[in-house]
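Inspection log for the structure reproduced underneath, given as structure tokens.
Labels run A, B and C following the written order; every chain starts at residue 1.
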Amino acid sequence: MSGLVVNDLHVFHGAIRAVDGLSFSVETGQLAAIIGANGAGKTTLLRALTGLKSVQSGSATWNGESMLRQKPENLVRQGIVHVSDGKSVIPELSVKENLALGGLWRRDKKDVAIVTKEVLDLFPRLGERMSQSADTLSGGERQMLAIGRSLISRPSLLLLDEPSLGLAPLVIEQIFQAIKSLQARLNLTVVLVEQNAMGALRIADIGVIVNLGRLVTVGPSQELINNPALRAAYLGY
Amino acid sequence: MLKRKPTTQVQIDMDKNIARRKIIGAAFFIFLGIALYVASNIVDELRVYQGATVAVYVVAISSIILLTGYSGQISLGHGALMAVGAYAAVLSRNYWNFPIPLTFAVAVLAAALFGALLGMAAGRLSGPYLAGTTLALAVGLPSLANQFKILGGEEGLTYDVGFPPLALGQDFTQYKWFFWIAALAALAATWVIFNVLGSRYGRQWRALRSNPTAAALLGVHVARSKVLAFTISSGVAGLAGALMSMTISLVTPSAFPLSLSFAIVTGAVLAGVTLLTGSIVGAVVLVAIPEVTAALATHLGGSEKVTSNLPGLMMSALLILSVLFFPNGPQLHRRKTRKS
Amino acid sequence: MSRIINTLLIGISGGSIYSLMSLALVLVWRSTRVVNFAQAGQAILSTYIGYVVVTHTDNYWLAFPVALLSGALIGALVDIFLIRILARRANSGPVAAIAPVIATLGLLGLIRAIVGMIWGGDLRRFKLPVTNHGFTFGHTTIPFAPINLLIVVTTVIVMLIFSVIFQRTNLGLALRASAFSPEIARLAGVRVDLTRTIGWAFAGAAGAIAGVLVTPTNYLSPNSLDLLLVSGFVAAVIGGLESLIGAALGGLVLGISLAFVLEYISSSLAFPVAFVVLMAVLLIKPAGLFGGKRVRSA
């Protein structure tokens, strides 16, 4: 079975069942938007998938191989890269160093140089700020840096946690468009966790709506957008 | 913790609870006193002396339990505070000829004052900073006594609490007298700490330890509360210092080495840090270790090098193992905290 | 005038040693958020190993790298066998915050007892690599001796090597990233646990160097480095505990101020002065004289 398959996943967050029997799948090359209110268990789901949080039960496979109970640094080596929420850059390091971090583990230094150049072409503003500390970047630039760093690891599965968090609408649009174009260009499979439901569903192929750790519905994103009941209950309008 | 009961009901429950705990506490202390009395009459002199040492350690360990287990601060320098108490006591005895009970009070006050000053700095520090600062104190302060003539230098000062009163009978030995003074002081100190912990301040400390931010939001004055804990703890340590000097009849810098500070922290960790009555267990272990290792060494027939380092080895190993395997004290207590 | 310069030189020499110990403490603090009180123990064990080499081969220059490597190895072992387990087991409850303090303290006692069992408690002398008779200019001999020069030069070299590793190499980037934000480093593919162990090894090496450098001017006993631990801690706090440059400068500030107090005021005031400096820094500028904005809670 190719792609990402999550089956009956249970994850506790303290005493709370943050993810409570969640199942869904994402085919290779698809962009899936995971939508839900604050506290729906979206972030916990991503953290569990990439080994930052221990899982109670259930399974999750990427191209047929289990991704659970592995260290995040090992998952990166299998092409599974997680960009954690909002501020996934190290402010004490320079932009250049933050980018370099994504390629430290890679043997193929030539390809690291090539992909770094690609990232700088995609986000030219990073190129202008290479020697500045990441601390001085704006929110949007930080997000570009975080996504850029993840690309340097040459991911096949990219998990993004709320890239729009705290950004201005125009910047959000820019980031979303960049994600969409990356998906198409690199044949990436993307799992995009978002509270900004409409924005995420517009660029997504499928939508996964979760509430209190459980699946509400999963389907092509256009259908979800056009479903009036869902719109009212989960998409905010 | 979040019981859904009307406030008044919770309040009544709490009051009942406190009252019950106080009665149980008082009964515990009375029983302990009787047990001690009986014990001291049937055992030999060495055991009586060791009993006095246990009592001294109980006081010292209680001061750490109060500080670390309840207010969440750490001190590696309580040996230095014990020295402050001991020197204060001996000076008040030698220069002003204070009666013995009063010298103990002087020890408590001097150490508490010193601790308050230290606590004002400490209240703003946490974890490793506090540990390092108090460690510096433990290393440096006792040796300072060498510099001042009034403190007697290396030889130190003689601290004599006098012979036991004749009213206690002819066969009432000096060691027994030490034991009784130390045991009474230990009981009194434990009783006071017990009550402080049950008071408003005790609750504030516990709140602070588990969640400083929430406690501050609820109106606990964080810095003041921490300084108070440090002050009381220091006072108790001062008492322990005076008692210890009494049992060796001497106050010298070398009586308060770094290892003393470490030993009482070890005792507190072995006692379970959050359990006041555990201080007795910790104290007994501290007194027992040298004896057990000595027996072990003669049995094994090791060299002097091995023999003299065996207690340290055992104590350190115990300390590491207890942190690794019982980080929050003995099992019994863990269950209790979970319920409340 | 020459008295001032002499005092300054002696202060720099003493401060160099503090800088190395402070560096060892800061390296561990940054990577693991633990003030490693066992550092004195690790350093003393490495120094005794160096001592064995010196007594058997009569060659200080062989003892130096041996002690350095043992220090690194001991540091790595401490991380793997104590700190990693501790992080897994004692990560919640009232003791969590102080558990590392207690554990490293226990380790200090353990190492000291083991050292005592092997070598006994008596004071030992270490062969001097170079003379401790002061340099002579014409008819005046100054207190600053070749041994002091050796200390300063070695420290400078060690610091330079460390700063190149940290600022210019991939390992250094991994070390810094793991220190500042282990989770993000992990998500970027850095093997944080391994990196941390390397940090502990570096720290162990720095402590060992401090031990073999200071011991020839002093004596060796199971607790002869205790004071150095305290001085190193004070230096680290002066430097802000987070920064390697701060650690180096903090050591120099402490060394020089102590030298002047000893020379001009009284030899008995060294400890009170160090303590007052510590308290003053903590109360007035808690982020350290060279530190950033980070407030010290946690």
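One rule holds for everything that comes next: contacts are C-beta pairs under 8 Å (C-beta built on N, C-alpha and C of every residue); 3 or more make two chains touch, one makes a residue touch a chain.
What you are looking at is a predicted structure, and each value in this text was computed from that prediction instead of being measured.
Asks: Are the chains arranged, by touching, as a line, ring, star, complete graph, or other?
Replies: Drawn as a graph, the chains make an open path, so a line.
Asks: Which chain has the mean of its C-alpha atoms lying nearest to the mean of all protein C-alpha atoms shown?
Replies: Smallest offset from the overall C-alpha mean is found for C.
Asks: Using mean C-alpha positions as chain centres, tell me how far subunit B is from subunit C in Å, no decimals.
Replies: 32
Asks: Just give me the whole-number Å value for how far the CA centre of subunit A lies from that of subunit B.
Replies: Distance between chain centres: 54 Å.
Asks: Using mean CA coordinates as chain centres, what's the subunit A-subunit C distance in Å?
Replies: 42
Asks: Quick one: in the complex, what on subunit A touches subunit C?
Replies: Interface residues on the subunit A side: 50, 52, 71-73, 76-77, 81-84, 88-93, 97, 100-102, 104-106, 149-150, 153.
Asks: State the interface residues of subunit C toward subunit B in the complex, per the touch definition above.
Replies: 29, 34-35, 37, 82, 85-86, 89-90, 93-103, 105-110, 112-114, 116-121, 223, 226-227, 229-230, 233-234, 237, 241, 268, 271-272, 274-275, 278-279, 282-283, 286, 296-298
Asks: Across the complex, what residues on subunit B touch subunit C?
Replies: 68-69, 72, 74, 76, 121, 124-129, 131-133, 135-137, 139-141, 143-144, 146-147, 209-210, 258-259, 262, 265-266, 269, 273-274, 304-306, 308-310, 312-313, 315-320, 323-325, 327-329
Asks: With touch defined as at the start, can you tell me which subunit C residues reach subunit A in the complex?
Replies: By the definition above, subunit C touches subunit A via 170, 173-174, 176-177, 180-181, 183-192.
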